[in-house]
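Next, two complexes with chain A in common: one pairs it with chain B, the other with chain C.
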Partner chain A sequence: MLSPETSLARGAPVWPLFAKELREIVSGRALWTLLLLSCPLVGYSFFQATSLYGEASAAAANSPVLATGLSPLDGILVPTFGSFYVAVTLLFPFVAIRALGEEKQSGALRLLVQLPYRTVTLVWVKLAAVFFAWLLCAIPVLSSVLIWSMAGGHLSPAEIATLFLGHLLYGLLIGAVALFAASITESSATAAIVTLAFTIGSWVLDFTIAGRPGWLEWFAHLSLTQVIRTFEQGLLSASLVAGVVVAVCAFLALATVWLPPGITVRQKLMRSAVCVGATAVALVLVTQIKASIDVTEDRRNSFALADARQLASLAEPLAITVHLAAEDPRYIDLHRNVLAKLERVMPHVSIRLATARQSFASSAGDETYGEIEYRYGARSDLSRSTSPREILPLIYGLAGVPPPAPIPSAEFPGYPLVTDSVFSLVWFLAVLPILIVLAWWRSRRLPSNNQMFLKEVVMNSSTKTLLIIAVSVIAVLLPAFAAPIKVDLANETAGAEPKGLLPVVGVWRIENDGGKKLLAVDGRQWKEGQSSAGIADKARALYGERYAEFLDRVQTYAYYPYVVAKDVEDFKNGEITVRFECLSGRIDQGAGILFNLKPNGDYLTVRANCLENNLVLWKFEKGRRSSVEWVRNTPTATRQWHDLRVRIAGSKVEGYLDGKLYLQHALPAPVSGKIGLWSKADSYMHFDDFTAAASE
Partner chain B sequence: MSARLRRTPGRVCALTTAALINIAPIAHAAEVPSYCAELRQVAAFALAKDKFASVIGAAREGNFRDSKVTLPGWGDCSFYGTRTYTCDSQGFKTADEGTAAHGKVFDEVKSCLRGSWTEVESRASPGYVVLHDERDSASITINTDLTEKGEHIVRLILFLRSR
Partner chain C sequence: MLQIASLTKSYGEQRALENVGFSVQEGEVLGLIGPNGAGKTTLLEAIAGLLPVDSGEIRFRYQLLPLRRRREAIFYLPDGARPYADQTAEQVLAFFGGVHRRSANDVSDIVSMVVLRPVLAKRINALSKGYNRRLIIALGFLTRHPILLLDEPFDGFDLRQTRDMMSVLRRVASGGRTLLLSIHQLRDAEQVCDRLALLADGRIRGVGTLEELRRQANRPGANLEEVFLALT
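Then we have the complex of A and B:
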């Protein structure tokens, strides 16, 4: 049978309580101060990141190998979110504490606990309000992502979602700690000191004892900042996510224990002990979860696919004994390149630091120092290498299995981008702060009465204003992820090869035409059969380990100039458009959209021709060209700009010239492959506005 | 001197003679152009075993090469690579003049190569016509173009089809 209190609690609406909590947070200065301070902090970090990334991109302009090292996750997102992390660490506790501290100081808490809500409901609603406040605080950093996307920067949804999740969990953890601190202290100031002891204490742990041997290493793992590291590396670890959730729940449970007045300290301590014990058990269980996902595009946390599969099939335990100090750079390399990946992929791996109590400095004279022993079943072997190239064959030898044949997979091409980020400074130093001040001003015009919340179930105007800002940013941001990929030539260098499109065959360069940069293919200077400069690097950038087959085909059949879009991995459905102008060409004046490019060099192209006035779908297989669909009477005047468009829906292909549908064809198999631009023979052509809009 | 080079003058003479013999039955026709013998000679090379090897000259910029055979009345006869022969007509001031010249040249070429080359109507577009030889191993295209000087010209291209 339910008690009257319980039934009342279950019937009480939560929304007014949530609205009241929102009002409480929004009416304080802490949130606005955090937002205003975040603007220059995030803005300057973003500006610095884009500048450095641009310099590195310029250096990699003519080297696909250098370009493969350019990842927006490392170059842009992590540094920018890093400044947000600093703001959350130092300032967010003050925002979160307000959700509880003000009520404790004013005595409103005593009234609150008499309302028909369970204490646990009160605490969870406060955490929900803290979560909402964190979302508002994330506006500056989210806007930086939007600016990066608008500038043509590459974004991986999986990488950014993982990074965002990491910071969200960290924010919730800080919020939970703050609520707990507010529940055990009598004033907001004391609660702030307690919370900062957690957050800044984590920094102290990082700076002083991380990487030290023995129990100090274990202790360093308690640092809150460790939560974000894994997400920054693009690793979505179920154990870590569950661990943070357990920690958040634990702090909320402790806050629930300490919140109600009228309970003796002894009782609270006993209940707290139960909470701590249960949390410890839950954390031990959580650490047993091994599942994790490497969300990075460059698979930095994983072995090559073939190795991963082979290693996963090794059923016996692999014991690794490392004779290196934890702070030794070789151990750090070994852990990052091999041990962490082995732990992820193999079912039974144990790693032991034989020199756990030994420091780097004290290892001199130890002959075994530097050795790494691998024991698989009854067999063992020693190595001093930290490279997977040497260690994996050693493990295969111990297991008695041959090294696997490589599985073809696309190699990370890198995403260089040189962009002018001055606009971002205007946004972060002027526009966004003004919007925040306006929202703050509106919030101050509203009456503030803690007792009004039961009568008021709608949010106040300041909250709505902030919501509008947040929703606007998110609304613009979300489509940006699915926005068409347009090859922007504005930042290209005249006379140089394009960066966004990899020339495979022919002479392709950027030309300046009356101040406007255009892509040109110049067949006048090209000798048939010549692939583009640096084709081996380009082939590797496009097809990774399978580049040899592509390279061989390109070098054997380099009869038709073409470039390949770097940022389009696999185009299956949607529209590809380009504008072109035929300048000259005695033999040909051809402009085509290339698609369905396979790793073996086969492809399709729909091309127009200013000398022939026709639109043709060509198929290229093993270097042989054959027409698939031929449409006559398509007027294509020389020295005039034309629009060429290819629409693909599965196996159906449509070709448009100057907006008119001319060509329709059903292929025997659905289209799937890379895309690019195509030309022929001595054609001298200009291209512009190359855009690929994928659709489901 | 290699055997191949020693044979080349004889081969050129033989193909030229054959072209002249073939042209004789239609030489009386009014539409037969002045460049017909040379055109038939080039067409004969395209169908011969060594293709254009004996009449390709020195390398030019890019993939172009000089030609040892030129069509009388045409300009800039040259090879693109080793499989494509091309000549440009004189320039015309207007597009209409160019279009008229294109039609005239097409008739002349058809007349010259009658019997062995046929028009492929399914490939034709305004300002662009195609002829295939009997064995479908070579093509002739005749198109119009606008030069950098703004002149309208007619261009004849004869190329080997199979690679």
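Then we have the complex of A and C:
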């Protein structure tokens, strides 16, 4: 034990180092203070957002046009995450600095750098601990997402994931800056001042010089807060993600240079210069990456599909010269509505501000001010419009191509929701703070002497506590991010039966509608008692040896076509949504969501009807159909797309049509069974976006 | 085992170390003796690679030991460090034990040897100066480095505790580890060290056993204090 070992080349395990870093961050007050302060901050923002969203939703209740403007991304998520951003900007540096600053002050760093780890390993493990701390700090804001979901709010996984990624990258950037600051300063206080100079300096850049012409505009782009803006707009830009990753790596590389105490300042400055040079080159390279994805449901960052395809096919360079000052609201409109979208879709676009050094105020006498020149190949044209409705035809004219015929596609319906958000206040102002204080107390509790000692060298009690906290956090938050099961029709074959759904009754097939694949139930050739082809085999596929009982009941219900989702074994809680369009049907035009399908063939369905304009919860039990809940006056126009949603919580069932809650019913027993889609008799319907999002 | 040659370090115009050179044998306890400000800590940090030097070289088993490989052979225990103040002594020991792949029995034996068990559940910021010193020494023992540099290892101990710790250090050295101790209490150094290196004003004034130093100072029968005063 006491004898030396000359061979120390073998690597040391990283886990003890990571566990130590976690303990160091969790044992500090900064993390818990941030968490506690975040509760009212995030809670109030969420409360305000849901209240305002509710008011707007109430106004939009009878106006589908108004409803289309209601997006949870803008109305709920961005404002709520915005308060988290404030907390991260102002307080997270103190959490991150602790990962290094305390060691410098206590002298522990001199021990740490002698351990058998490379300096780069030390720094990256510290960043990993900072990342974990950021996840803990995100608990309040993630819980708001969960509350919104539980209240019936619509969530787009792609939008949330993008927004979350943006804030994560921002948090990592702050963490990397804090580690760098701690590496070059002797005290945590000085490191905090340096880091806050970055973060608050970014605000100053935003408020004072953003939108100014010339080099000030370029300088404003260095603001850290700019990182989040693009993600808030629902745009996943490869260039931005890569740029932030490069910046994080650069600050970590600088921290790695400055951390070891045995190197002269001159050597450190030279290595830093190399790092800065390499970073500059990498940043120039990443700006060349053009790929980006518009993840928004309303495609706000993209032109209409037909225009996007037409513009993408224009091979020659398009040069745009804008005679507007950068801070002019018309330029901001033009950039958002046209230029940014053109840059995304066209292969060769160059945009030049002719008035780059000119301010809005100084341009009053310039007659060309306000003109935008478009040059495509040898042809050019002028316009003063900032609207794509005028600019796109102009570009098509220059290119000598006709404006494309519109491609029918689903319009964004909007997701109005009126919800009582008082519960959220109780959660954020009482329950969550109490839980945080309890966790803090638990982390500070000392082990008693008879509880220990050192039976496990590697994983001790505090580490286990941290793991329990981490697992609990994940367990609580996982349902919010549980990927919903969506029946994807893109890979289906037009004219064939769907592969992801099992037709039991009626004629179900994939149809191609203007390039988009949809699920159709075609009852035009309907004859009573007609089950789907090969029904016996399908019944066996669903319920194995118990298929005979199921088959008997199918024959009884053969008036009502339905398909069953193959990938959902047992749906108990959550949301099932589908979009549908009534095409024709003399007897009926019914579209329903089927659930609680039992092995004996009994089931429930919430269905809308374009002929009857009502929403009904039907029960099919022991060969008989009976209505359970009936709601009249639910406008459901033929040949228009509608949203149908069923929300199940135990035995409670809610039915929504076009985002509005119409139907509520408490069943005698909790729901449990397979799910699917339903129709009736001679209905000819289209279905799309069939999604099942289960929750605990 | 370890050869230090021509080590020089300046802070601006001031020379902290000047042409320092000596060697340490395997399993030896070498005492670095000098008054406050003599450059003992600077020298230890320079040897450990924690302080950049102007010139000089360090060899381990006759092989040049560059800065980046210094920590493979040498581990330095600084004076005044109070690592991870909010963690318990047990957690810090477990961290070092885990890093160096020590078994629970190894850690437990070292805890017993340096008498740390009564404060294992205490946070570091609640430890007395003496117990903090024991913890730092225990951390050094948990490493697997053949050479340990200890800066003022007896600071904070009373007479009995100092004697106990001396016997612990002797045990460690007899196990094959080489110890280089910076000590300003000459009486302590005389008792625990095999050989002594006298440092004053950043220069080595004498290296050897007490008897050799007496001869060098031409003071037969003198104690270390008298020899030190004669040579510096």
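Everything that follows uses one rule, which is that the second predicted complex is superposed on the first by the 436 of 696 C-alpha atoms of A that agree within 3 Å, B and C clash if a C-alpha of one lies under 4 Å from a C-alpha of the other, contacts with A are read in each partner's own complex, and residues count from 1 in each chain.
Note that in this section contacts are C-beta pairs under 8 Å (C-beta built on N, C-alpha and C of every residue); 3 or more make two chains touch, one makes a residue touch a chain.
Not measured: the values here are computed from a predicted model.
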| item | value |
| --- | --- |
| First (chain B), second (chain C), both or neither touched by A:Pro668 | neither |
| Dominant contact partner of chain A by residue count, chain C or chain B | C |
| Contacts of A:Asn633 with chain B and chain C, given as first, second, both or neither | first |
| Which of chain B and chain C A:Gly495 touches, first, second, both or neither | neither |
| Contacts of A:Gln525 with chain B and chain C, given as first, second, both or neither | first |
| Touching partner for A:Tyr559 - first (chain B), second (chain C), both, neither | first |
| Contacts of A:Ile587 with chain B and chain C, given as first, second, both or neither | first |
| Which superposed partner A:Gly28 touches (first chain B, second chain C, both, neither) | second |
| Of all residues in chain B, those that touch chain A in their complex | 61-64, 76, 80-81, 84, 86, 88, 122-128, 141, 143, 145-148, 155, 157, 163 |
| Of all residues in chain A, those that touch chain C in their complex | 1-6, 8-9, 12-13, 15-17, 19-20, 23-24, 27-28, 102-103, 106-108, 110-111, 113-117, 261-264, 267, 446-449, 452-458, 460, 462 |
| Chain A - residues contacting chain B, complex | 523-528, 559, 584, 586-587, 589, 611-614, 623-625, 630, 632-635, 637-639, 681-682 |
| Complex contacts: residues of chain C adjacent to chain A | 45, 48-52, 61, 67, 70-78, 80-88, 90-91, 93-95, 97-104, 106-111, 117, 120-123, 139, 141, 144-147, 171-172, 175-178 |
